[in-house]
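Below are structures written as C-alpha cells.
In what comes next, chain A is part of two complexes: it sits with chain B in the first one and with chain C in the second one.
Right, the complex of A and B next:
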C-alpha cells in the first residue's frame, strides 16, 4: 500500500506527537522521500483510514489495536531518530 | 532568529526538588510554578494527571525525561515552559524508566509552539545534555543549560 499520509499521535496531540512529526519530516528528507503528508494528532484520531501509516510511542500501543501491524510504527524512544529512521525505512521499502 | 526556549521559559519556572512520594505529586510540584505565574490554570495539573491515568505516561519521551502537557482547553493560558529537576527519579510506571527532568509545556493551540519543540527535540536527542540538566548543581545552572545552548 502506498504511503501518502502519516499520522503521529500522542495522548494530547501537541507534545510528543509534534516532536515525532518533526523527526519524520527530517528522516523522510534524508531517505529522499517526498510528497508525503505528515500530521500530528491525538490518539483518539487514530482510526483505520485516517492515514496510511500511524506512528506512536510504545505507551499508547494498546490504544491502536484496530490498526494492522503493517500500518503502524511503534517507537520505544520517541526522540531517537535512528530508531525512527530504521522503522520508517522498513515501511517504505515494503510499500 | 529568536531563541524560542528563552522566550518561553521564565527563570521563576525553573527549580530543583528533592523528590516526590508519587508521580501525581511530582506533576503537582513541577507544574505549580506555572500556575503561580499565570501560565496555566490550576486545573491543568489535574488535566495532565487525568490524561496519564487514561492513556499512560505518553509524555515520558525518553529515559530521564518527561514532557508534561495537557490539551490547550484543559487550562493552558499562555504558551510557556517550566523545568523541574528531581534529585530522586520519579516513576510514572513501576517498571520505569525513572525520570529526573520534568519539563512542563503549556500550549494554547496545536502549532504555535513548533519552534520551541524543534529546539527541545534537538536537546533531548542528546543523552549527555539530559544528564547535565539532571545533575546541575543549581536552578540557575539548569536555566542556563536550557536557554544558552539552544540552537536559535
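Right, the complex of A and C next:
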C-alpha cells in the first residue's frame, strides 16, 4: 500500500509528536521521498484509516494495538534519527 | 491615509493575525515555497480562532458552572489546575501582548543560547505560548502596557526558556546518558527539585528492576484522563451541592446553572447526568483548545528550530517531557501515582489551612499535571536515587504543584481568573515571584529588574573565567 500520509502521535499531540514530525520531514528529504503528508496529533486520533503509517514512542505502544504491523512504526527512542531512518526506510522499501 | 493606518493598527492588534504573521515570517525565513507559506500562515490563524472557540465552549459548557456549584457546596473557591483552561481565558484579553512576547521571547532565547553558557533552544511551543500569556498577565498587573510590557515579558520568557532546561540537565543527562538533548518543559524547576530529593538515595534499587503493572498507561490520553477526573469532581461537588439543597435554591443567584436547575429548558435533566456530561464537556473544551494550539505551534516551532540551529553553534534542543518516559516506564507510572497522592495530601492540608488559618483557594489534583509532570519527576528521582528517590521526588513534586498554585492564586484573582489556574511548576514560581514583585515595584522598576535578570547570564559568560575544556556550562 502506498504511503501518502504519516501521522505521529503523543499524549496531548503538542510537543513530542511535533519533534518526531520534524525528524520525519528531515529523514524523508534524506531518503529522497516527496509528496508525503506528515501530521502530528493525539493518540485519540490514531484510528485505522486516519493515516497510512503511524509513528509513536514505545511507551504508547498499547494505543496502536488495533493498527496492523505494516502500518506502524514504534520508536524506542523518539529523538533518535538513525532509528527513525532505519525503520522508515524499511516501510518505504516494502511498499 | 487615516484609513490605511487604522487598518494596519487593527491588523497588529488582532492576536490571530499577529501569530499568523509570526508564522509567515518563520516560513519566509526558511525559504519555503509559496504554497507552504500560504497554507502555514492560514493554518496558524485558524488555529488561534479554534482556540478561542474552545475557550468559549469550555467556560460556558462547564468551567463557570463548576465554580458556582463548588462555591455553593463548600463556600470556598475550588480551582482546577489546567493550563489550557486558564490560557484560553487570558488570551481573550491578553492575546496581542502574548503573541508579541512569544515572538520576542523566542528571539531572546536564541540570543541567550548564543551569548551565554546556556545553549538550550526551547522547542516546546505550547509551553512557550502559555508562558508568554502568563507573563503578559503578570506584568500588566505591574501597570506595564505596550512595549515595556512586551520587553519585560520577553526578557523573562527568553531567560526561563534557557534556564529551565539548564536546571533539568544535571539529572536529565543521567536519564538519557547524553548531553545532546535537553528537557524543555515548564515543570523544569520541579524536576530539578525531584532530582535533588533522589540524591540521598544514590545507589538504591531502580524502579525498572521491579515488576509493575503498566495498565494505567491509558491515562496518557488526555481526553480520557481529563474526562475521568472532571466527572469525578463534578459528581462529588454537585452531589454535595444537591445535598445542601441547590436544586430548590433561587436560580437567579446563579448565572451558569440553568441546565442543572432546569430553568428555561424543555426537558428535565437529572443532576447526576448533568454532572457526568459537564465533566466530559470540560474534556471536550480542552480537546478543542489543544487542536487550536496544535495548529498554532505546528508551524512556528519548526521555523524556530531551523533558525535557531543556524544561528547558534552547538545548540542543544530542549524537548517536551514525554521524551523522558521511554527511559523508565515504571518510574512514569509510580511517579504519577505518588505525585497524585501528594496532590490529595496537599489538598487536605489546604483544606485545613483554609478552615483554621487563612482563606486559600483549594487546588484540586488534576490528572494531567500529575501524570505528565509527576511522571517526569518520578523519572528524575529514579535517575538519582532509584525507587526511593522516585517516590520521594514525585511526592514532594505533587505537594508543591498543589501549594504553589494556591500561593499564586491571589495574583490571578486580581484579574478575575478564579476557577482555573496554571498547573505546572515554573508557571507558579514565576507567577509568584514576578506577580508579587509587580505589585511591590510597579512600572519601570520591574522592567529594569527583568532586563537585568535577562542580561545576567550573558554578563556572567563574558566576565567569569571559562572552566577547563569539557567542563563548560552545565556540561
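As a working rule, the second predicted complex is superposed on the first by the 95 of 95 C-alpha atoms of A that agree within 3 Å, B and C clash if a C-alpha of one lies under 4 Å from a C-alpha of the other, contacts with A are read in each partner's own complex, and residues count from 1 in each chain.
In this text, a contact is a pair of C-beta atoms (placed from the backbone, for glycine too) under 8 Å apart; a residue touches a chain by one contact, two chains touch by 3 or more.
Computed from a predicted structure; not experimentally measured.
Asks: Since both structures carry chain A, what do chain B and chain C do when superposed there: clash or fit?
Replies: Clash: chain B and chain C overlap once superposed on chain A.
Asks: Report for A:40: first if it touches chain B alone, second if chain C alone, otherwise both or neither.
Replies: The answer is both, since A:40 touches chain B and chain C.
Asks: Does chain B (first) or chain C (second) touch A:72, or do both, or does neither?
Replies: neither
Asks: Report for A:23: first if it touches chain B alone, second if chain C alone, otherwise both or neither.
Replies: first
Asks: Name the contact category of A:91: first (chain B only), second (chain C only), both, or neither.
Replies: neither
Asks: Just checking: does A:81 make contact with chain B only, chain C only, both, or neither of them? Give me first, second, both or neither.
Replies: Only chain B; A:81 stays clear of chain C.
Asks: Can you list the residues of chain A that touch chain B in one structure and chain C in the other?
Replies: 10-16, 18-19, 22, 40, 42-43, 57, 59-60, 62-63, 77-79
Asks: Which part of chain C faces chain A closely enough to touch in the complex?
Replies: For this pair, the touching residues of chain C are 123-127, 181, 185, 214, 217-218, 220-224, 287, 290, 293-294, 297-298, 301-302, 305, 317, 319-323, 325-326, 329, 332, 368, 371-372.
Asks: Which residues, counting only chain A, touch chain C once they are in their complex?
Replies: Within the complex, chain A contacts chain C at residues 10-16, 18-19, 21-22, 25, 40-44, 57-60, 62-63, 76-79.
Asks: Can you tell me which positions in chain A touch chain B when the two form their complex?
Replies: Those in contact with chain B are residues 10-16, 18-19, 22-23, 40, 42-43, 57, 59-60, 62-63, 77-81.
Asks: Please name which positions on chain B make contact with chain A in the complex.
Replies: 51-52, 54-63, 67, 69-72, 74, 105, 107, 109-110, 113-114, 117-118, 120-121, 124-125
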